[in-house]
Amino acid sequence: MQRYLVQRLLLVVLVLLGVSLLVFVVTRLTPGDPARVLLGPRATDEQVATLRVAYGLDQPIHVQYLTWLGRIVRGDFGESIQLHRPVLGEVLDRFRGTLILAVAAMVISFSVGIVFGVTAALRASSFLDRVLMSVALLGISLPPFWVGLILIITFSLVLRWLPATGMFSPTGGGDFSDVFAHLVLPAVSLAVVPLAVIARLTRANVLEVLSQLYVRTARAKGLPSRIVVVRHVLRNTLIGTVTILGLEAGWLLAGTVYIETVFAWPGIGAMLVNAILQRDYPLVQGGVLLVAGIYVLINLSTDIMYLYLDPRLRHA
Amino acid sequence: MPELAVELPVGRHANHVSGRRLSLFDRPLLSVGVSLVLLIMVLAVLVPVLPLHDPNVTAPARRLSGPSVNGYVLGSDQLGRDLLSRLLWGARVSISVALVASAVAFVGGGTIGLVAGYYGGLVGNILMRLIDVLMAFPYVLLAIALVAALGPGLLNALIAIAVVNISFYARGVRAAVLVVRQMAFIEAARALGARDVRILLREVLPSVAPPLLVFVTLNIGALIVETAGLSFIGLGAQPPTADWGTMLADGRQFMMTAPHVAAVPGLAVLALVWGLNMVGDGLRDLLDPSLAHATR
Amino acid sequence: MALSALAPTLLAPITRAAPAGVATPGVLVVGLVAEPTSLDPGQLTDINSMKLLGALYDTLVRFKPNSFDLEPSLATSWDRSADGLLYTFRLRSGVKFHDGSDFNADAVKFTYDRLLDPNHPYADTGPFPFAPGYYGSIAETIVVDPMTVQFRLRREDAGLLDAFTLNTGRIVSPQAVMASRKDFAQNPVGTGPFKFVSWDHNVRITLTANPDYWDGAPALQQMIFRPLADEQTRITEFLSGGVDVIFDVPPDNIEQVKTTSGAVFLSQPGPHVWWVTLNTKKPPFDNPLLRQAANYAVNKDALTQDILKGTGTPSVGPIPPALTWAYTDQVARYNYDPDRAKALIQQSGVLTPINVTFWVTESGSGMQSPKTMGTAIQADLNAVGINTQIQTFEWGAFLNKYGAGLGDEAAMAELSWMFDSGDPAHMLPNNLWGPACSPKGFNGGCYQSAQVDELLDSALKVYDREQRGSIYKQIQRIVAADAPWIFIDNQIQNAAISTRVGGLDLHPSFYMTFLNRISAA
């Protein structure tokens, strides 16, 4: 177990190194550079060249990479070119926004999804089952940003029940109920697809477990069915659940961009997209590293959970 | 969201039918799905011979007309172009992009997964680490950067989507191969002295193929939505080409004043993806009757 | 039948009265198109961030309301030596920065030295991208006495006085810069009508009134700026009362704003030009007949009326009508005439269909609706036999390509410009001057005209407004005749404001000005 952990941690470092290299290469591959974007059409070539020197962009690329890497290791993520402030602060700030949104979406999708899934499985092939699964199928087929727009129009413009955008009200506000009100629509939009997926997967998992031999064995032994359900079904779907959680967290991390854009939610997805369009190299590099790091850590956690939950895997 | 890693009904029952196979007609939803998909496909193929307005002719004075106004069956867009025509022509573009991207990702990712899963060891490890790096990288960002680097155009957006999806296929195929690898008939083939490549192609691939087919079907729908998402951010088909994603993105600006411009392609995407998902579900049930059994 | 009658009702636009909602008397909430990048005037390059600067800082001179004529601001009077190389400014006394320090000649010298001298101890609070372009002619800033400052120039620069109205040159508090160094960008201190309170990143910037403002205390108590990046989001927020002011209402939402009670729609011609650069170095547009044909082929009226919904007016040359002193429309005109276009093409002997590549951008400051406009232009050109292929790029990639020049790759590219200095001297040379042929400058089509070059140079040495104006009018005539561009439109800037807001007028420079005169009930 110890050795496994150490191995995995080493791998984490390796993967992150790979990501850092990839992001560096990818940003440099995109045509144009921050100096040109900053100056727009208002500058001569000379002025662009001078500005590039100010940002260290005239150095050979491996020098730039190593310099940046050296600083990262010491905790210095550099300064955003567009925003004129430290990358680390900005990235963490924006990540907080995404985290709030992602957690809310996970709570919604998980709770509702599991309920749908378990209900459908227990009432397999009934009308309720068909309805729930059809709704779930619809859920997977909807583009989240489209859902977001429809929700805004319905609940903000027409019914006026909820605010349209942002995380706070501009004057005053900022307290829990204010943020909560702003959170509802984007979290629901984001939750639609995972909810549907979880409902379907849960149903499949529960069904599979129900059909496993050992359940029948337990029943044959004469145990009351409620204990059977609670102990065996839930315990063994926990692995599937953990997998789903891990996958969903990863998906949410990557997929909040569109929702953040539509709802003007201050999250890291929108920040990264904007940063790369502005060629804000330090911000893109820092942001990607953080997101990748979190993603890798989530994977590590789910794998460790597996080991804990399924003794069979410990000897794999 | 990739369903693959969790539920691949691999191997176990694929070659052994335990119980009555279900026919298409026992599953009404599946029939609806198949019909929907077939209808859209047929229309897309027949588009050049259908009596439609030119999808690229602009008529600024008649822009944003509602359905059945000014002679436009579904209305017109922000440049006065016929929505029905653009929808059908766009179907060809969107569907082919999704199919080709899917194919490329499938071949690329599948090969990687096949090799990594079958051989394991150092090679397998390195390959999967590379895939890990690709997966850890925020997907949208990678797509944007690729399109910015490669230049404009649908082809490059296609490449971006394919590259980004390779990791899903690689992971999924590898997982499937891992399960299959243990099986008796593979060991038997080995014992009989068959070469690796032969085993890969003649034994492993056919066992893995059916569930993969299910996955691909389910994934194409996601790819269509992904293309729309990229157009939402501004990468994709060049004007004046219509594709559903660009139409959705363009129509977004008019959601309040002329919602039909976004509603029409939005509903089309919904219909096709829904149909594909139903087909994928049905395929899965057909290929793994044990699950279907559980529903009886 | 019934369905087609029902459909329009079901799909009818959503209009409701803007609610009283969040609005607090004395507090104005402004919706911005993006999060401001910095509040240090020297650092800024984007018009959006600059919207706040007029609240926090002042310039030496400023434009009068609704015009490009100059009036005193922090400087009360000024003159220029006979050889044009020495400017003397007398400064306003009794003005203090928000941190209590005095405004004086030292502050002016500090401001401009920091921008221009790379060896200045606080030059590292930069970089200052626009400074060399606008103030590069200044060789030295001299403090004569606490209320008098001089600028010695290294060459004649008739556009310098107008350049002093620009955001880049707003006067900063030396004491604050020295104390905060790089953090000054997050903690601005100036002499303006509002003081900085706080900056909640990506949420809001809060300013409070400066009761000691030299031009009169503000009627407002607070100004709050909210970044709302998404266009539809911004409009939604305005309609639901979350913000009181937004600029650049999307053309298709204008009707909605106009019919919403509680909302007022303002518009004002802006110093803006949008055009399509033609590659004059390669066929087909090396031939002036074809360039003229392209101009006749495009239906600019339809574009501005139907697509831009009146947020632009057709333009006739490189100088916009808002710059009244430098503008003339007595030039060669290219009204929509596709038959004439075809005739010209025939006359030129070039065989149709002619294949050309057109670079279009996805977005960009001042680009209006770049893809839609590009597509409409494409359709118009196709109709006369100029077969146009569009290549779209996002702004960063687009600038990169354009900056390198159209070269062998493209025959056409769209671009736009905002003359916020109110002076053609800061734009025309970059785009039409021979030596500015890309990649040296932004003359992407490499237009060469010895006459225009000469006129551009001479305009920098003439100081009388009228005389300079006639030189620019000359340039307008020549360029219109040569047609190195397809002249498309001049943007009309607009704003949607809540009826509770008073005293807000749009200024032709696109800046938010005279903020102390705005009130909110």
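Going by the order they are written in, the chains are A, B and C; count residues from 1 in each one.
FYI, a contact is a pair of C-beta atoms (placed from the backbone, for glycine too) under 8 Å apart; a residue touches a chain by one contact, two chains touch by 3 or more.
A quick note: this is a predicted structure, and the numbers were derived from the prediction, not measured.
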Per Cα centroids, the chain farthest from subunit A: C
Most central chain, judged by mean C-alpha position against the global CA mean: A
Separation of mean Cα positions, subunit C and subunit B [Å, integer]: 44
Between subunit C and subunit A, distance of the C-alpha-averaged centres to the nearest whole Å: 38
Computed distance of Cα centres, subunit B from subunit A, in Å: 21
Junction residues of subunit B, two or more chains touched: 144, 148, 252, 255-256, 259
Where subunit C touches two or more other chains, by residue: 14, 232, 236, 394, 396-397
Of all residues in subunit A, the ones touching two or more other chains: 30-31, 149, 153, 157, 261, 277
Residues of subunit C that touch subunit A when the two form their complex: 14, 16, 19, 22, 24, 27, 29, 35, 37-38, 40, 43, 45, 126-127, 129-130, 132-133, 182, 185-186, 200-204, 224, 226-230, 232-233, 236-237, 239-240, 242-243, 364-365, 394-397, 399-403, 415, 417, 430-431, 436, 439-442
Footprint of subunit C on subunit B - complex, ascending: 56-58, 60-61, 63-64, 66-69, 78-80, 144, 148, 151-153, 234-235, 238-240, 250, 252-260
Subunit B-touching residues of subunit A, taken from the complex the two chains share: 11, 14-16, 18-19, 22-23, 26-27, 29-31, 124-125, 129-130, 134, 137-138, 140-143, 145-146, 149, 153, 157, 193-194, 197, 200-201, 204-205, 207-208, 210-211, 240, 243-244, 247-248, 250-251, 253-255, 257-258, 261, 269, 272-273, 276-277, 284, 288, 291-292, 295-296, 299
Complex interface listing, subunit B residues touching subunit A: 1-3, 5-7, 29, 129-130, 132-142, 144-146, 148-149, 221, 225, 228-229, 232-233, 248, 252, 255-256, 259, 262, 266, 269-270, 273-274, 277-278, 281, 290-291, 293-296
Residue ranges of subunit C touching subunit B (in the complex, touch as defined): 3-4, 7-8, 11, 13-14, 231-232, 235-236, 250, 252-253, 255-256, 299, 302-303, 305-307, 360, 362-363, 371-372, 374-376, 378-379, 389-394, 396-397
